[in-house]
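Next up, some structures in structure tokens.
Look for subunit A in each of the two complexes below; its partner is subunit B in the first and subunit C in the second.
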Partner chain A sequence: MPLRSTLTRDQVESVVVQTLASIRPELSPVSGATPLIGEQAVVDSVGFITLLVAIEQGLGSVVDLSASFMEQNAVDDSQHPFRTIESLTDHICGMLSGQQG
Partner chain B sequence: MTFNQDDIDLFSKASHDRNPLHISDDYARRTVFGERVVFGGLAALACLGRLSPGRSAPMSTLNCEFVSPVLIGVDYQVEITRSDRHAHVLLRDGKRIVVRMSVTFQDSRHIDFAPTFDEPPTSEPTTRTFSELPIGFSVAGRWSPDRSGFVKLLERYELSSAGTADRQSATLLWASYLVGMELPGKHALFSRLAVTFPSGGTTCDSAFDYSATVTSANPHFQLVTASATVRCGTQIVASVEIAAFVREAVSNSTLTEINALCPSSSVLEGRVALVIGASRGLGAAIAQGLALQGCTVVANYARSGREAVEMRESLRDAPGSVLLEQGNAMDATWCAGLRDRLISKYGRLDYLITSASPPLLPLWVESEAVSRVVSHVADSLKLVLSPLATCLEPLAKSKGTHVLVSSSAVTKPVASWPHYVSAKCALEGLVAAASAEYPTVKFVVMRPPRLRTELTNTPLGRHGSLPAALAASHLIAALLADRNTSRGGVMYLDSFEAHSRS
Partner chain C sequence: MHENGSARDTAISNPIRCALVSDFTIDGLVPLLSSQSDPPAFETRSSPFGQVMQMLVDEQATPWSFRPDIAVVWTRPESVIESFGRLKDGQPISLEQLLPEVDIFADALRAAATRVTAVLVPSWTSAPYDRGTGIINLSPAHGSAYFLLRMNAHLAEVTAPAGNIHVLDAGRWVALAGERAVSPKLWHLGKILFGPEVLRLAALDIKAAARAMRGQTRKIAVLDLDDTLWGGIVGDAGWENLQLGGHHPIGEAFVGFQRALRALTNRGVVLGIVSKNHETVALEAIDRHPEMILRRGDFAAWRINWDDKVRNLIDLMRELNLGLDAAVFIDDSAVERARVRQALPDVLVPEWPADKLLYEKALAELTCFDTFAISEEDRARTKMYASERLRHSSRTSTQSLEDYLASLNLRVHIEPLGADNVKRAAQLLNKTNQMNLRTRRLSELEFLEFCQGEAVSAYCYRVSDRFDDYGLTGLASVKLVDGSAQVVDFVLSCRVMGRGVEQVIVQSLIERARAQGAERLTMEYAATARNAPCRAFLEEQSRLTRVADTVYAWDTNVPYAGPTHIVTDATAVSKPSVTVEQDPVR
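Up next is the complex of A and B:
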């Protein structure tokens, strides 16, 4: 999906995946369905915060993911935009598109 | 691998890190952890001591993530995966990782470490809040380990024979000092440490000169990162990146908050209430709410005397009065004495609110956690059963009400809280049985969602939590509405929508 920002969806996903790999290098190859929150999450709560902060920095601080996360109503919601790599990527792309629009 | 209080004291002595989360029982008990926490740096050093003996190369890089608190007396497992140049270390409590480390080694000789031993820049931790740590904030000073403590620590964990250079071990101690005493200081929760050790150099024969600067400050998670450089004379000993959360104490609800939420009424005036666990959190908010309604409140607390006095003082001008009663509510004999004093003084008991709960740290359904789950459930039961068993007769006599503070986790269980969920389910069962035995007593089971109290005061635990004042106001409203209804039975209070005084 091309974005109106300078970043494509693939580039955003690449930042998410590479950031996760830098935090959890022992993880086997990850996919879009890799869970980031909930019982099956590949990162713990501190790791999740570290991931969000590092992704923000990896994207040049153009999105405030921390604030966005805190605005969500429930950490364990099955529809949570931060639940997987794929949904988080979509969420970031949506934030970027919103900024451009 | 286990840690005891002597280990903590030795590390504190060697590092000059006197952060009260680690060395003060009284302070630590009032945090989310409920007890003294083992220094992350100590756990990391102990793990380094488990690396294969005979490795002679010093470290090139060291990365530590302090994922969960390390606690006294828990039997941790150490997993080491290593090659000539790398090692990965996991410190586990069952399936839960508490410390994750990665190490790389360099091809160079050890550099002698023979520092001068100076007094540290500060002997008491600074009390900086998150807002006092903006990007660019910096600290600098001179540090060296305590001589005898350092030697004992190296011996205790066989660090030299495990191949860890002494000045690299000292760097870990210094990092603990920096985080626990200066940046952030008293309110720190050490999260990550990344150290790069340059190769080569000459004997380090002076104390460490250090400087550290805040490089990022995330207000949503109160997470601070800093870059630091450690020098010995003119040579750089280590380049260091740290990340630490700045813990923010959760204050009790204010009267203004409760007044704004509770209905105005004189219906409860003159009633007598006993609140177990009234010094902090929801228990304190309920005690405040009842006193504002004109109740006489006997407020029990175990050890949080300062908070209990503050709560009572806040109600000086309230229509109701507050009497503090310190004691262990798990002790049925003590509860019986309290009941007798209460009846002797006031002649009746209308409300018993059981709000006390043991500290809540994550556990899993696994063999390593069996004794801790059982212990948590047993303590939770005692905290309710002892006062309930001793107070049911006077409650029955006055056609009074018992309020159990349960949790929404009973109907929406939380993974990693098996002990908490089990305890709350057991308590609800206890209430159901008591209801059958005492038909003239009304029972109210509160099932609030996660509350904003010290019990959930973690970086993510605060997220989406409910103010204690709001939960308390719903109970007060329910008690007011319930005054004219028939006795007996169990009422479940599980809706806590935001509202304002009407």
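Up next is the complex of A and C:
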């Protein structure tokens, strides 16, 4: 997806992956399919909150992921935009594109 | 920073048990402490949320049930010091109200400190964005930053006498993490006080404390010369043209780096050189360059030649009686770093910046030299190694080892363990790896309590020779059990190993055991990755009889002849005789 933000998708994914690595240094390798929520999640609830806020900071606080997550409260885990690194990256890119549009 | 190899494997297989006691969500620290990439790995248990004081004073509380080695007690100042909370609410308070509350908290920490080897207490901090009372934030009358400084200083002062409570500088972690240190969002979403960068830095310091507790502090920085200690290639440019000092950023940076290295020596870290160079050319630069901070006498040993650095490093460490896991290798060459890292996994080889202006920062960031205390012996260590070099050179002119040892005029003073020497004794117990019978790691308080136990005796040994006074470098403790004197601790600094002091200690223990009515003295060896020299002594030089796989014994009715080349004297313990039978020291 071409972003109108100055960040490319690869850059966004890099922020997500590096932030996850800072919270869970033993977690390697990670891939786009690495689960972030649900039974197989690689972080617990505290780690997940920390991840979201740290990603926000890593992106310069231009997106509010924690608010977005709370808005997705009713969404099933299997469809949740925060379910994997890949889906979260896509979701952030969508938020950035929306802002820029 | 990564360590690998046998010492690392040992550290991983023997994790530190750690209780986390906090009044905020501290779970984010757990995976960082559990990480095996920076040994030792931790097993952690978190206390129930928000019950700090109860947890500290109640010895039946959850965190203590798994017998932790370390407790990390990390609190918010307003939650444990009520007056500070009122200050944050804008109410006036005074130090007279505040500091007694800090004393109460310190009492609780002291209670916890009786259950673990060390209590680590990150200092109280405020959020970087919190301006407190603004431009009067450091005002003694109104400033929350002022009161926070005083609280931290007071806490450090009143807990220091305990010996095993250590206040860690969390302010540095927060400052380094900057605006990501603390987020109101993290707090409101999960009662998480600190962001991941603060926790990462905290984990580094906590692990450094654990290594210090286990005696795994690195003892020597081995340095390359060209483009590491100075700028340029001395063999090509000549010492007069090296980048060192002057009014040039790089020259000044090398001077700053050398100053930082010299400061390390005052903390007990010794310096060595392994460099591919002509020795005479390199030493001339060290001796003659007017802006060198480090001179020949600042280095414990060197290998300056064209041989493989791995071989030189092994040789240098052998000369200093140090294990490879005591060494940090600093070299600007990525190739040399990779070679040493691959060949000698026990040597710590930190990544080193290509930018010479950053050398001093890279050195300052190393946590591997951290210790809980710095003694006079530590400060004098480089001088002692210089004496050792003189001693070594004098040996080359003697005909035999016996003649050489006799020429040293060695003296050993034996004294009982007491209040005046327990600090140094505990330090020796916790730092010594090679000549250490059981490698017990105890806090000063724990060791003193053990030594004050029923049927326990403990002795310290001060060693000197014609070159130097090494201070308190030996330690032994013995417990009488059913007519047998069981040696619990047998510890000798590597600085005085192999000169017969080991036999003097054994002799003194046998004579003391006999005086106390014990029929025999036993020494049970507990193997670690690093105390093989102790086993070698017991097996080859002690003359004790091996009575079981790891147990050695001596019938106290049989006189034990100590080495004739050592003069001993004692304080308040029977003086061991020194001239019964000659026993050549191998």
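Operating definition for what follows: the second predicted complex is superposed on the first by the 97 of 101 C-alpha atoms of A that agree within 3 Å, B and C clash if a C-alpha of one lies under 4 Å from a C-alpha of the other, contacts with A are read in each partner's own complex, and residues count from 1 in each chain.
In the analysis below, a contact is a pair of C-beta atoms (placed from the backbone, for glycine too) under 8 Å apart; a residue touches a chain by one contact, two chains touch by 3 or more.
None of these values were measured; they are calculated from a predicted model.
Bringing the complexes onto one copy of subunit A puts subunit B in a clash with subunit C. In the superposition on chain A, contact of A:62 is made with neither subunit B nor subunit C.
In the superposed pair of complexes, A:22 makes contact with subunit C only, with no contact to subunit B.
In the overlay built on the shared chain, the residue A:49 is in contact with subunit B and with subunit C. By the touch criterion stated above, A:33 is placed in contact with neither subunit B nor subunit C. Here subunit B runs into subunit C after the superposition, and of 25-33, 61-69, 331-339 or 403-411 the stretch doing so is 61-69.
Where the contact sets of subunit A with subunit B and with subunit C meet, they give residues 25-26, 44-47, 49-50, 53, 57, 66.
Contact residues on subunit A toward subunit C in their complex (touch as defined above): 19, 22-26, 44-47, 49-50, 53-54, 56-57, 66. Subunit A meets subunit B in the complex at residues 25-26, 39, 44-50, 53, 57, 66-67, 69-70, 72-76.
The touching residues of subunit C, when paired with subunit A in their complex, are 25, 27-28, 31-32, 34-37, 179-180, 183, 185-186, 189-190, 192, 195-197, 200. Contact residues on subunit B toward subunit A in their complex (touch as defined above): 65-68, 88, 96-97, 102, 191-192, 216, 218-221, 223, 243, 414-415, 458-460, 463-464.
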